[in-house]
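Going by the order they are written in, the chains are A, B, C, D and E; count residues from 1 in each one.
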Amino acid sequence: MTKLKPWISLSGIGMFAVVLLAVAPLVLTDHWLTNLGKYCCWAIAAVGIGLAWGRGGMLVMGQGVFFALGAYAMAMHLTLETAGDRVPGFMVLYDPLAPLPAFWEPFRSAGFTLLAIVLLPVIAAGILGYALFKRRVKGAYFAILTQALAVALATLISSTIRETGGDTGLSDFKLFFGFVLNDPANKVMVYLIAAGLLIVCLLAVWQFYRSRFGELLVATRDAEERVRFLGYDPANIKLVAFVVSALMASIGGAMFVPIVGIITPAEIGAAASILMIAGVAFGGRASLFGPALGAMAVGWGQSSLGSTWPDGWTYILGLLFVVVILLLPNGLSSLPARFTGWTRRSPAEQPAPAFDAAELEEVRS
Amino acid sequence: MDALIPQLLNGSAQGALLLLAALGLSLTFGQMGVINMAHGEFLMLGAFTAYLVQQVIAASDLSIPVALPVAFVVAGLFGLLLEVTIIRWMYRRPLDTLLVTVGVSLILQQAALQIFPSQGVPVEKPSWLDGQLNILGYEWPLRQLFTIVLAAVCVAALSAWLKYTSFGRRIRATVHNRDLAETTGISTRTIDRLTFFVGSGLAGVAGVAASLIGGTNSQMGAQYIIPAFLVVAAGGIGQLKGTIIAAWAVGVALSCFAYWTTGSLAQVLAFILVIVFLQLRPQGLFTVRTRSLA
Amino acid sequence: MTDASLVVTDLHVEFSGFVAVGGVSFDAHPGEVRFLIGPNGAGKTTCIDAITGLTKGTGSARLGEKELLGKQVHKIVRLGVGRTFQTASVFDELTVLQNLDIAAGLHRSAFSLLRARHGIDPSIEQALAETGLAAELATPAGILSHGQKQWLEIAMLLVQDAKVLLLDEPVAGMSHDERTATGELLQRIAAKRIVLVVEHDMDFMRRFATRVTVLHQGKVLSQGTVAEVQADPKVQEVYLGTAGAATTAAMAVVPETVAETLKLTED
Amino acid sequence: GCGARASDDTAGAGSSAAASCVDTSGDTIKLGFLNSLTGGMAISEKTVSNVLHMAADEINTSGGILGKKIQYVQEDGATDWPTFAEKTEKLLTQDCVGAIFGGWTSSSRKAVKPVVEKLNGLFFYPVQYEGLEASPNIYYTGATTNQQIIPAMDFLASKGVKTLFLAGSDYVFPRTANAIIKLYAAKLGIKIVGEEYVPLDKDDWTSQVAKIVAAKPDFIFNTINGSSNVGFIKAYYDAGLTPAKTPIISVSIAEEEAPAMGHAVTGNYASWNYFQSLKTDTNPKFIQSWKAYPNSSGVTSDPMEAAYISLYLYKELVEAAGSFDVNAVNAAAKSKTITFDAPEGKVSLNGTNHHISKPGHIGQINANNQFDIVWASDKFIEPDPYLEGYDWFPADIRKQLAGAAG
Amino acid sequence: MLEITDIEAGYGRTRVLHGVTVPAGKVVAVLGHNGAGKTTLLRLAIGLLKPSKGRVLFDGENIAALAPNQRVARGMAYVPQGQQAFGQLTTLENLQLAADGRRRGKALIEAQMARFPALEKFATRKAGLLSGGQRQQLAIARALITEPKLLILDEPTEGIQPTIVAEIEQTIMQLAGEGINVLLVEQHIGFALEAAERYVVLASGFVTHTGDGGSAAASTVRAAMAI
């Protein structure tokens, strides 16, 4: 059983990879492949949330911030690539003679952009996480704080129209690292990159979860102070999980841009960040596949419900939130076990209380 | 200096509205640990109630004072309904209440959009709030003064209720340890319902005040919810005193930043200010530590 | 093992004006089971809190050459100071093995943390054998009984190779036999380590203490062997009370108990 | 394998090869309606959506387009610009609609634009906007700046306004409109004494109005959109400002919004092309039909009238082209004179920039929340999105914008 | 007074108690090793846990459906294991909670403060800051303030200093003498047997022995516990 378990998960990832990388491009129309690509981007971010929240107990309500870092880094590069040597069109009006803002300049380089997509979230989450975890900010405080950060960033971008495109966002990209985005073959390629990255992220957390670090993370989630008395600094443990989850959000954001073709502050603000969390909760926050599948399900639900019942689909979405969280605290991935009683889920996957009564007291005190 | 006085007065009014929006949260979130993201929609319910009351009592001079208690009861009843149907099952998973109530808020928003005219409904200010009060050479809108008075009355009533009745004690006890509270003879079900009723009702009162400031429509609640949570957190969860100071500080900061920078940047700066503050004082303005581990 | 001793000198802890510990000095050496007793609220737990960095204290607490006060909690642990809590706190969601593995891991490299666990550390096996938890290897710690959790905590201290074990009421809630078993475990452990036990069970103290320090209102009231301390009228007055006499009666049962326990453990 | 690279010659053509999948074989034609029916902008967009339905019903009862009944596919943009892009793509490639109608904010239009251009679809956009745009795949039936903003400025100049305060929502339309206003104001000798923006989703204008009180402008130019207008108006009256001393001219307050302010706004102004109070031959019937339409708000307004025009304009275009094919429609727009007898008067389409001619009107709000027309342009104003006929607009901006667009 | 008959109960899928019947008596002691199910039995008695099978009667009334607070209102009081108190409330407030709604509330509080001087001394301190023993005294005081007919005590002397242990033991005897029924879990077998009219021994959730207090030899009890 203990020997078998990793193989079950691994072959699950394998099957997932086959479906996403081989089957989907064959059977789906361009439109739905693009949509699936978009869901993959959210799923990548969701996998990170699963790590930070499901296993690490940090309710990261502001993943939009890191999603934005990746997305805007990518979007700035693609905008510049499309604009060539000109200043991007949207900037012209406000000050036709002013040069490109300095912080845009390095994003002309493809290498710098890729590096930024990886390093920006790591640095930002590193600093933020260090500051918060060392100060022992946690529970609801942490959740609200990160949420506020997402709102602040979204507002900031909205209000700097000349520098960032404001509320309209950045769009109309023609090129992707030299490839013409409109070309159907290239669209498939971009999709495959996103799907491939999702598989990589799943493999990464799979290894995390079965490693000692994974156990330590769960221990920190359940009794942070106690971990301290085993000689670890919980801040560092949480920091690692937080930074990795931020990195995944950034990667998701970066791929979102060429696939969807537009990035706006609305994709990173409060509502978007909460929707990311919701996907994770749907799927099962502490399980391996739950977050990714949940995020994809929520994305698909938005697309298809919105078409079926344009002025009432949010009722269904709202109701789903209520019903799933209320009845299935461990998400849809706990359904099979519920019906069959087939396996006892490993304790790490049973995070029912996101913070327990004792921590709540800490929060309130 | 000349510029500061108007910002201080103006900011105090903004803070008062924030406080009204946060007051109910300091009960349902601060005391009960429920992260009610539908609190903004309860506020919206209060505003729509004000509109409906004005449809019945045409004279706006009278209708607003009447609307206040009515909005309290209406929003309170909705809160009660939410508690009885959903929240009661969730006390042991506080962070999950956040997600469930996001769902509720989506439903309420869409319902409001479809029930009422989509562009919103008018709520008229009573004529006794027309005009300004001259303070230190600055014309201070009476409406702002009204918000402050209303907030003060609500705070006084709430803190008296918590302090001088046994309810306050029981609420805190229930929050701290439900099983222990039960076995001490407290009916935690009654306490839960009552607390949620009052907390949600306060949102209704805030809604009446908000309807005199901005639009009364399906989206109005959304703009208060995050700042209100921030205020509660910055004040120290469950600390009424802290909530008051934090609300006032955020209001004044918003007003001053808006004066020195821009309206949008002011929002950003105020948020950053609170975030930095919370980083420096992770448990908020007022904290009491216990010895418990975890 | 080095023979570094734990030396606490003039320890002060104050909570916003309230002096919980007001100048406590004592020392504990490898090889002894040192008891810290005293009335409720005397400051015993606070002493341990201060030594382990949980609360701020002034004065000095040294382990060998190294000053402990003022260091961060996890750094103090890394110096070899381990503790248990008055209410058992283990990782409920993790199995006994995982709990122990985490405890054993503080000296592991960051890289090895990222690998999965293969097999069981010898130190863990030994600790399991010592505490009799071997059968519960795969049990989530949350399902263990109160007493088993206490043993798990002790086992965790063993695998983390703590030189100093500070145990806050380790046998509270245990039945008589379990107490005996625990006491014997402590005696074995103490051969190579410093064991400091806070306990209210006088019966337990009499059987297993080598030396005793009595705290009262944040100060050391008395210090010495069990017999010396018991004979101290001050201790009798504030702590033992009539129980001092009552327990003499209870003592009569002890031989029988010990005999039975021996029989039981043999089974 | 990999597709085209930037260096490939075929790059530009890339994908537009994707043939249209519009099915014209039956006796119906599918059209897409795309507005935010949920989220923040639903407040404004629901009316536009409703009036599109009314226009479709009308056209269907009178025989349809080229004899084919309209079968519309309604989609929700959800106040989320990427969703607008996604739904546009869906409507064009999955539902195979002949054209898409809707949108409100300029942001939503800018999200739709690359998609319709890539797939060579058609989008009809019904709201006044900031101009500086002309896409072969978009038809603009709302005002561009020289049909709404510039008339408003001319009106202010004619009233002898010397100082102006700009208040707007913080997004592309108000920012761009105000940039143009500042250029023109310099030319007219009007001094801009302040400029304030508040996010679209924030209603509280008290701090900003305090600044207006301090700046004491002759007039306030209001480019606020949505419910934030209510907050602005309330703060305005709270602070003791009055239309008699500090009037407002708005470009987003119409007959629907005026009564929802919670304060009588009598005496303030708005610049629009259409008002319910316009005396034209076609207006009474439009008003009557709308009042009778289910879920109607009971009053008509400029954006809804422009949406109403958009569907009829499409009918005229298709029938002139004799085909639903996009290229044929665009060709007809260029080669023929397309007109429509709209409630605002007879509008004609500029086949090059895809905008329509419109009359300029300034209305003053009366006690019934209707507008008394106090100024009208002497003739229909031809659309000039890039302000080519205005020398105060810097040529280098125009050039750069055109370059960026191309 | 309290009759617990043929109970099955547990947590989730794990069953902890198997057909447990508690004998009737003025003072009943429940004995057993760690994890035998003693606490589970008491939680069931006060209503924090519902049995899947069996009967719970109080004064002849079936109280199976009653919430804990309703049971308290009918005259039961519970002192849980582990020195539990409302940490954010002051000591006094902790006592007031129990006294709220009682006619002689003030007097009841004073009586308990007299019994436990530490409570008087730290009346205005947050209970979360009290020492473990102080909290335990507080818990007992809270229970007594409700003037119960039946007092359910889960290891009340755990972590208490000897002088106070003696006092608590005395108190229990005295209460029993005053006609209050007691259901007691206690590791201190000597005292338990001395105080109890009847006792029951639990091992792994089964009743392994039932007997009369006082007379029983500690050794039989221990033997029963080990099964």
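Basically, a contact is a pair of C-beta atoms (placed from the backbone, for glycine too) under 8 Å apart; a residue touches a chain by one contact, two chains touch by 3 or more.
For reference, the UniProt names are A = Urea ABC transporter permease subunit UrtC; B = Branched-chain amino acid ABC transporter permease; C, E = ABC transporter ATP-binding protein.
In this text the structure is predicted, and so the values were computed from the model without any measurement.
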Length of the shortest touching-chain route, chain B through to chain E
1
Spelling it out: a chain qualifies if it touches chain A and also touches chain E; which chains qualify?
B, C
Farthest chain from chain A by C-alpha centroid distance is chain E
Between A-B and C-E, more contacting C-beta pairs sit at A-B
Centre to centre, by mean C-alpha position, how many angstrom separate chain A and chain D?
35
Averaging C-alpha coordinates per chain, one finds the centres of chain B and chain C separated by a number of Å equal to 49
Go ahead and note the Å separation of the Cα centroids belonging to chain C and chain D.
76
I'd like the Å distance between the centres of chain A and chain C, where a centre is the mean of that chain's Cα atoms.
45
Residues in chain D with touches to at least two other chains are numbered 38, 46, 170, 197, 199
In chain A, the residues touching two or more other chains are 155, 158-159, 223, 225-226, 311, 314, 361, 364-365
Touching at least 2 other chains, the residues of chain B are 109-110, 175-177, 238, 262, 264, 267, 288, 290, 292-294
Counting only contacts in the complex, chain A reaches chain C at residues 6, 207-208, 210-213, 215-216, 218-219, 221-223, 225-233, 347-348, 350-351
Complex interface listing, chain A residues touching chain B:
59, 61, 131-132, 135-137, 139-141, 143-145, 147-149, 151-152, 155-156, 158-159, 223-226, 270, 274, 277-278, 281, 311-312, 314-315, 317-322, 325-326, 329, 352-365
Chain E contacts chain B in the complex at 46-48, 67-70, 72-73, 77-78, 80, 84-89, 93-94, 96-98, 100-101, 126, 128-129, 142, 146
In their shared complex, at which residues does chain B touch chain E?
166, 169-170, 172-173, 175-177, 179-189, 238, 288, 290-292
Note which residues of chain E are touching chain C in the complex, please.
14, 32-36, 81-83, 118, 129-134, 136-137, 155, 158-166, 187, 189-190, 218-219, 222, 225-226
